[in-house]
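Take a look at the structures listed below.
One chain, chain A, appears in both complexes that follow, with chain B as partner in the first and chain C in the second.
Take a look at the complex of A and B:
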């Protein structure tokens, strides 16, 4: 693993504008990813995970989506300012995406083989027959016999379709794969197979991976680092060991606490109290303060800063900023 | 697939029998004496009686119907009561004209309709989109005989680019095809737009974009192909209307087609002509429907698989 930054997102803001309200989906998000590294992006439904991934490839539907500010540097090039031609050269070639629902992300009227060959033909200067041959090899790579090249998506099961989508995303050996909940729509046994497949491919092709999920188990299995997202912001980020063994942010702590333990007898599960805030009307200060058991007055008014607690472990919370209930903070509130 | 087509063609037989029986009954029940039509104004009672016998009109209803069917199977559709010509010759002289006009109108409507509808959907809510919506509204509501007359006034009488009523070659086809096809054009444009707007929002279209395809390829190859089913349905229906409903346009442009022939034959109670034309139209409708179903299979592999399963 090198330390070269492959992807760097700085101060990204994405909104969805409808006639009468604005949904603040991603708010001042900072994120970076080294090459060969895999990062898990964890959060509840509606936390802005998918929007973050889509905005990297500029695939957020516009209208209503709008990237209002920020930078997305891929190999030093800002994708938000890039020309359309350059973006198309990046899409599917250097950065590819695996979508959440394999049932709908394949085109029903083209054979699976041709759908894979399409992306190869587009980005690798080769003949159509070479592209088809490589597509057949890609099918084999993900464990689908190449005899099924000419079959259509409706002839495949959900897990097989997701394999096809994965084959499509790795066909041009991209440097970065954005996997948006790749296993959510699959049942558990197939989930394990797909994760194992992605792990193998990651090692084989030395690809970076941004894995979006709400399943902490999946993160532990696949990722090197993990970022916890809440209401469009990253609240905690660090290596899997740092975050899993020593969660700092009250939200992360709540997430781990809500997972039932096998060796512990409980009558009730322990969810985090309250609901995700309404993204059209986000709370001031720390976005988590209405649900936070430790919230003080300062939390309702001032945004905490990202604070490095140990190693690469960074948390956005006053408790770890060392200012918690300090006079300095009280002054600032006033 | 072949079995499927054969089975569908076999279904033509009951359709034709049913349609011809109904039309035969209606023609028989409506007032008017075909023998009078045949003989003209001056005739004797003897001549009337012998002609009745010659045309077979003295026989019972069911016998007359069955003999018509029997003769028709052998290619004999009888003699026109009004022109005394063989019905088959009369129809063969005019049906190709109708078919050519209908195909030209449909071709114009589908080609322009899909192009306009696609641009409207791809640039939803743009000025182009609202203009085409407005134009489609006018296209649907405008009576086509009026539009035909306007075309004649402007392009035939005024600019002299096209002939107005002369029946010769491709040039004479242009104005009637546009006049006849405009209504269908408006309908196909709207259908293309709404169907495409639905598929454009599908996940697989986003997948296509994520591959790095050019936008026009994303729209045409991935979205439009999936939007084709309702467009084919509506085009098939329109083709049926174009084939049978060209009476007014044929009159405006003096186009020698079957539309006018049918109206005249009904007025003159010319049963053999009416019956033959209706049978032809019913056959055309069935064949067009079959064509539509085959087109579905061409565009959608899932439907293709269904046909294969049924045909086996």
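Take a look at the complex of A and C:
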């Protein structure tokens, strides 16, 4: 793993504007990804995870979506300022995307093989038959016999369809794969197969992966680093060891407590109280303060800064900024 | 047998499809004690939801018995089933599809009360609806809201309030938390647990999420392609997993612990078709331990002590291997 930044997002702001309100989907987000690294982006519905991924490829529908400020540097090139032709060259070639729902992300009237061949034909200088041959190889890579090249999506099961989508995304050996909840629609045993496949491919092609999920278990199995998102912001980021062993942000702590554990018997879960904030009307100060058990007055007014706690572990919370002493939380977090 | 609120015996449900007969539920038997929770686990298409619907009389069983308080639901006529719904309710998976978008929250929760003429005056209905909203933790300001104004967690609470409105003894929970976010999921699970303690409810908890089911259930039954393959007390099942399918299912769960990497029991291929299945173990084609004796004749659940049942033909050998 080199230290060269493959992707760097700086101060990204994305909003969706409708006639009577503005949804603040992503708010001053900073994120970077090295080559060959896999980063898990975790958060609940509406946290802005998918919008972040879509904005990297400039796929946020405009209108209503609007990137109001920020930079997305891919190999030093700002994608937000890039021309349409350049983006076309990047999409599916250098950066590809795996969508959540394999049932709707394949075209029902083309055979699966031809759908994969299309990507190769468009991006690589080759003949159609060469593209088809390579597409057949890609099918084999993801564990589908190439005899099924001419079959249509409806003849495949959910797990197989997701493999086809994965084959399509790796067909041009991209540097970065954005996977938006790639296994959420699948059964656990099939999910395990797909995760294993993605792990193998990551090692084989040294691809970087941005894995969007709400499942902390999936992150633990696949990722090197993890970023926790809440209301359009990253509240905690670090290596999986740092975050899983020593979660610092009260939201992260709450997330871990909400999951029933397999290895210990608890009588009651300790969920985070309240609901996700309304993205059209976000709370002032720290966005988590209305649900936070440790909120103090300052939290309602001032935005905490990203503070480095240890190593690469960064948290956005006053408690870890050292400005306030909350011994109670410190004990709880331990 | 008084304490078994529900007893299912040799239940079968076959659907006719153009390619043959689809065996959605094939010879399933289990029972649930009053005040307990049975978790029914399996992958999509294994027939778990069909069982839930059969119990409510929403499907007509092909054969078998479903005894609820000693009475066979399969033999009931429409009027009897209508009466039975006062005791037997369901919480559906999708809180977005199971609420009528043209009714207010108050109307949705109050509808069962009107249908069963449980209230006489409007004021009485109103106060009962408010009480139910209070029980499930819904703020009363939503009484005149429509479902689209609520988020998933609150909608599921509406579904729970509606199921509770007739004060039932038994609730079928069909994946009640799978469409919710983790932090909201935990809130709803806690609510269901509190309600069970308060009203002495019995649950059939249908889910594909094993960590949820372990947290929630007293007993767990694992289904594969329409048949039960293993059943035991919740702790027992996780401690002493016998059936290769259950082992594979357990090992496939991604654990949120970085030191515990998946040691996956590999499965060959994917779930096979439940249309015209051949006799014998339906899991055999994907099983690592399959032998000739696994196919050819239908299997029965055998008792392994501690009311632990398993249908695997090689269970005895496997037990010795895994222990």
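Observations on the model:
By definition in this document, the second predicted complex is superposed on the first by the 322 of 334 C-alpha atoms of A that agree within 3 Å, B and C clash if a C-alpha of one lies under 4 Å from a C-alpha of the other, contacts with A are read in each partner's own complex, and residues count from 1 in each chain.
Methods note: a contact is a pair of C-beta atoms (placed from the backbone, for glycine too) under 8 Å apart; a residue touches a chain by one contact, two chains touch by 3 or more.
If you're wondering where the values come from, they're calculated on a predicted model, not measured in any experiment.
Legend: residue contacts after superposition of the two complexes on their common chain; A:203 is shown touching neither chain B nor chain C. Contacts of A:96 after superposition: chain B is touched, whereas chain C is not reached.
Once chain A of one complex is fitted onto chain A of the other, the partner contacts of A:107 are limited to chain B, with no touch recorded for chain C. Once chain A of one complex is fitted onto chain A of the other, the partner contacts of A:305 are absent, as it touches neither chain B nor chain C. When the two complexes are overlaid on their common chain A, residue A:241 makes contact with chain C while staying clear of chain B. In the superposition on chain A, the chain among chain B and chain C reaching more residues of chain A is C.
Residue ranges on chain A touching chain B, taken from their complex, read 57, 59, 61, 87-93, 96-97, 99, 101, 104-109, 111, 118-119, 122-123, 152, 154-155, 165, 168.
Across the complex, chain A is touched by residues 201-204, 206-214, 222, 225-226, 299-302, 305 of chain B.
Note for the complex: chain C touches chain A at residues 43-44, 151-154, 181-187, 189-190, 193, 208, 210-212, 214-216, 235, 238, 248-258, 260-262, 264, 267, 270-271. By the touch criterion stated above, chain A contacts chain C in their complex at residues 44-45, 157-160, 187-193, 195-196, 214-221, 240-241, 244-245, 254-263, 265-266, 268-273, 275-276.
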